[in-house]
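We call the chains A, B and C, going by the order they appear; numbering starts again at 1 in every chain.
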Amino acid sequence: MNLSLSITKNIHDWLFSMMPETVASLTEMTLIATVYLAVFAVTGLFLVLLERKVAAWFQLRLGPNRVGPWGLLQTMADALKLVSKELTGTVNADKFLYNLAPYFVIITALMALAVLPFSGEFQAFDINIGIFFLIAISSIGVIGILLAGWSSNNKFALIGAMRSGVQTISYELSVGLSLLTVILITGTLQLSEIVEVQRNGWLIVQGHIPAMFAFMIYMISGTAETNRAPFDLVEAESELGAGFHTEYSGMKFAYFFLAEFINMFIIASIATTIFFGAWLSPFGITESLPWLGVFWFLGKTLVLVFLMMWFRWTFPRLRIDQLLTLEWKYLLPLNLMNIVLMAIIVWLNLTIQF
Amino acid sequence: METSTINNNFKSEEYFINMGPQHPATHGVLRLLLTIDGETIKNVEPDLGYIHRSIEKMCERDSYQQIVHLTDRMDYLSSNINNEAVCLAVENALQIEVPDRVKVIRTIIAELTRIASHNLWWGVMGMDVGALTTYFYAFRDREMINDIFEETCGARLTMNYNVPGGLMFDIHPNFVKRVKEFIAHFKTKLPEYDTLLTNNVIFQKRMRGVGLLSKEDAISYGASGPVGRGSGYSCDVRKIHPYSALDKVTFNEALRTDGDSFARYEVRIQEMWESISIIEQLIDNIPEGDYKVETNAVIKLPKGEFYQKVETARGELGVYIISTGTKNPYRLKFRSPGFSNLSLLNHIAVGGKIGDLVASMATLDLVIPDIDR
Amino acid sequence: MSYFSDIYNGIKTLLTGMSVTGKYFLHSQKGAITQQYPDNRDTLKMFERFRGEVVMPHDENNEHRCTGCQKCELACPNGTIEIIWDRQVDPETGKKKKMIEKHIYHLGMCTMCGLCVEACPTDAIKWAQNYENSVYDRTTLTRVLNKPGSKLMAGVED
């Protein structure tokens, strides 16, 4: 049932028949952007509620359950409340940078969402340097945090932003190297090709031991990239107030807040795509129903998101120098050793194929 | 803002941060003026007095039975032990001998209070270091103790159950059964606390080697309680000057010699185990008898000075009464454990990072209403 | 080599910690200790010794047991209880004796210490178990404990 393919083809043809070419392509791009904005908003809202419910179940209590059945409308109520708040700014803040900072994080999150292969046909932008693009985008997000901390004219915010900058640029190395380990098997950077390679078995099964190490290192560095616990010194509530977004209120704060959850979703999606075969079912059991691919993708991603939440609610926080020691003395050497191991296994054809 | 010691040697690369009176990591209203260079702390100056309620002055106006309810509110986490301190001071001054039943019940309730206080400390310790679920697990167990207290004494936090001469009324018939259920439940939970937090590699890296306090410094600053015992200074009042039924039980004193935050943490966990063993030794044989010795309605202490020491969950609490023979004390002074423990914060925090300051302060276990009474 | 064994031991402790929280997650439905407060008011019962508010019980003839001896007023540490009394002629015996007109109790100042209930020789006042004491108007916190038109129960003074 190529339902989605026929819908997009029909809309594409209808638009191109009605208007001249440039206008039609512009309209098509705007439509796709709107769809992705909607996906962004709904995913953000849903993930915030999921985090609150999961946290409550770990802590022996019930989560929000009064607003809507099972608390489903809770985040809507929170969003309405945030929209109605006054946007206070500090007096001596750098106005231009202060207002610009939230948009950096939002735009990078949206750009990363565009290349993810949700299903066989549901992928907005399938360039041939997919993985490279994703890693480059996550580096731009750091600028938003640094700008926010600096322009708030607040010592606490500055400490938080500096810590975050150091943390993010260190852990990007580990993210890149652990993804590189798996690329050695696929031989291509394009995301849809990577999914095609996984029809012979998911990549975490194909490259058995080194792929598992790569996955573990990727999960640790991915949690550190998004400033989540146990690496959340940046917003360490019991030490410094609220970190780099202390001076933001109302909708701008909502941007930072949502962007953190979407980043978590993106990290989990990349792991699903690379390691677990994005929309492919295990052993091909539902191959005949390709539209189920979206549900497989979302299911696998949600399991990984749950794993990241489990980390947050169990472990204490690391200090900044311990964080950096972990990266430069432990994760980076292990990553390099892992790449060598994977290269040997691929050269000797020892990967498991089905 | 006058900052007496700081302005003299202020270098240009250092900056000031106020961990202000309202802050999630200072347990109560405490203002800390930090001088920081990058992430390293150069100077810590605490600023007290935000919750001073003139309890000692009020004690000069109240009679001896009325003073007891004020001590509930000083160190509210070990309120039963504070009550016991004042009652013991008055009883020793009047030279009354309370029945054995009273002594045993007082000790059992004091040890339950100690477990409750250490439980809350453990939960909040996890929260300060970043593990946010420990708070809820600790409170689940603390609720059982609060229910025991509510059934017997009528209140959950400010009990006011001891009076000079004994107890206000007899224990509830369900008391022994509930305490036994709680002990059985809690013995399965303490190993879980260890698995969740103590053995965790991240937690150990945060705690070992942080906030070092040597034994000589502990003695010279007057540290008592788990803070002193974590550095090897054997200062348990229950061993040196036993009171109530403490000479009838056998227990070990929790001592460690490392002097860092992890040692103080381990001392408190071991104290919880010791308290459980004390309660187990006493709960089955509570002697029969009266729950009170009748005193006059108006108590007048003889002329002179009287002092009584007890071991609260924080350290050594001392009650010092000067009496001129009338029905109100002339002066009543509390030697609070938190005051001396706070004075060594500068010594142990300088040279570390902000995260170390938060972790060390959590192991000092300060309750600010205890410090400014 | 201790490099690798350190890493292995560290990861093992992390995984056992996760198993503790994971176990609570799986039992979350029946292990949740939340009480959904405003919905469970009907089944919520305090213990009988719970200190809610001081009340003076009256029997069916609107009689109470307070003789006006003022022992509770003397025992209270901060002046929460005020008794307004008068010496009047007792209709039965014809002699003057102390009778109370109003027993005022300031709920806003009370510290719930229990000294007044213990001091009373005739068990006139006792603890009620209500726990929702907040009001919108502060003057309603000053309560008069004896109901209007009530008088002392016979036989209490003996």
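Methods note: a contact is a pair of C-beta atoms (placed from the backbone, for glycine too) under 8 Å apart; a residue touches a chain by one contact, two chains touch by 3 or more.
Nothing here was measured: the structure is a model prediction, and the numbers come from that model.
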**Q.** Shortest contact path, chain B to chain C, counted in steps
**A.** 1
**Q.** Centre-most chain, if every chain is reduced to its averaged C-alpha atoms
**A.** B
Q) Any idea whether A-B or A-C has more C-beta pairs in contact? A) A-B
Q: Just grab the chain with the largest centre-to-centre distance to chain C, centres being mean Cα coordinates.
A: A
Q: Report the inter-chain centroid distance for chain B and chain C in whole angstrom, where each centroid is the mean of the CA atoms.
A: 26
Q.
Just the number, please: Cα centre separation of chain A and chain B in whole Å.
A. 46
Q. Between chain A and chain C, what is the separation of their C-alpha centroids in Å?
A. 53
**Q.** Touching two or more other chains - residue numbers and ranges from chain B
**A.** 133, 137, 140, 196-197, 200, 202
Q: Check each residue of chain A and list the ones that touch at least two other chains.
A: 58-61, 313-315
Q.
I need the residues of chain C touching at least two other chains; which ones are they?
A. 14, 17, 20-21, 24, 33
(Q) List the residues on chain C that touch chain B in their complex, please. (A) 9-10, 13-14, 16-17, 19-21, 24, 33, 46-47, 49-51, 75, 77, 111-115, 118, 127
**Q.** Touching residues on chain B, where the partner in the complex is chain A
**A.** 15, 17, 24-25, 39, 126-133, 135-137, 140, 196-197, 200, 202-203, 205-206, 353-356, 358
Q: State the interface residues of chain A toward chain C in the complex, per the touch definition above.
A: 54, 56-62, 310-311, 313-315, 330, 334
Q. How about chain B: which of its residues touch chain C in the complex?
A. 62, 65-66, 69-70, 133, 137, 140, 143, 150-155, 158, 160, 163, 168-169, 172, 192, 195-197, 199-202
**Q.** chain C - residues contacting chain A, complex
**A.** 7, 14, 17-18, 20-22, 24-25, 28, 31-34, 36
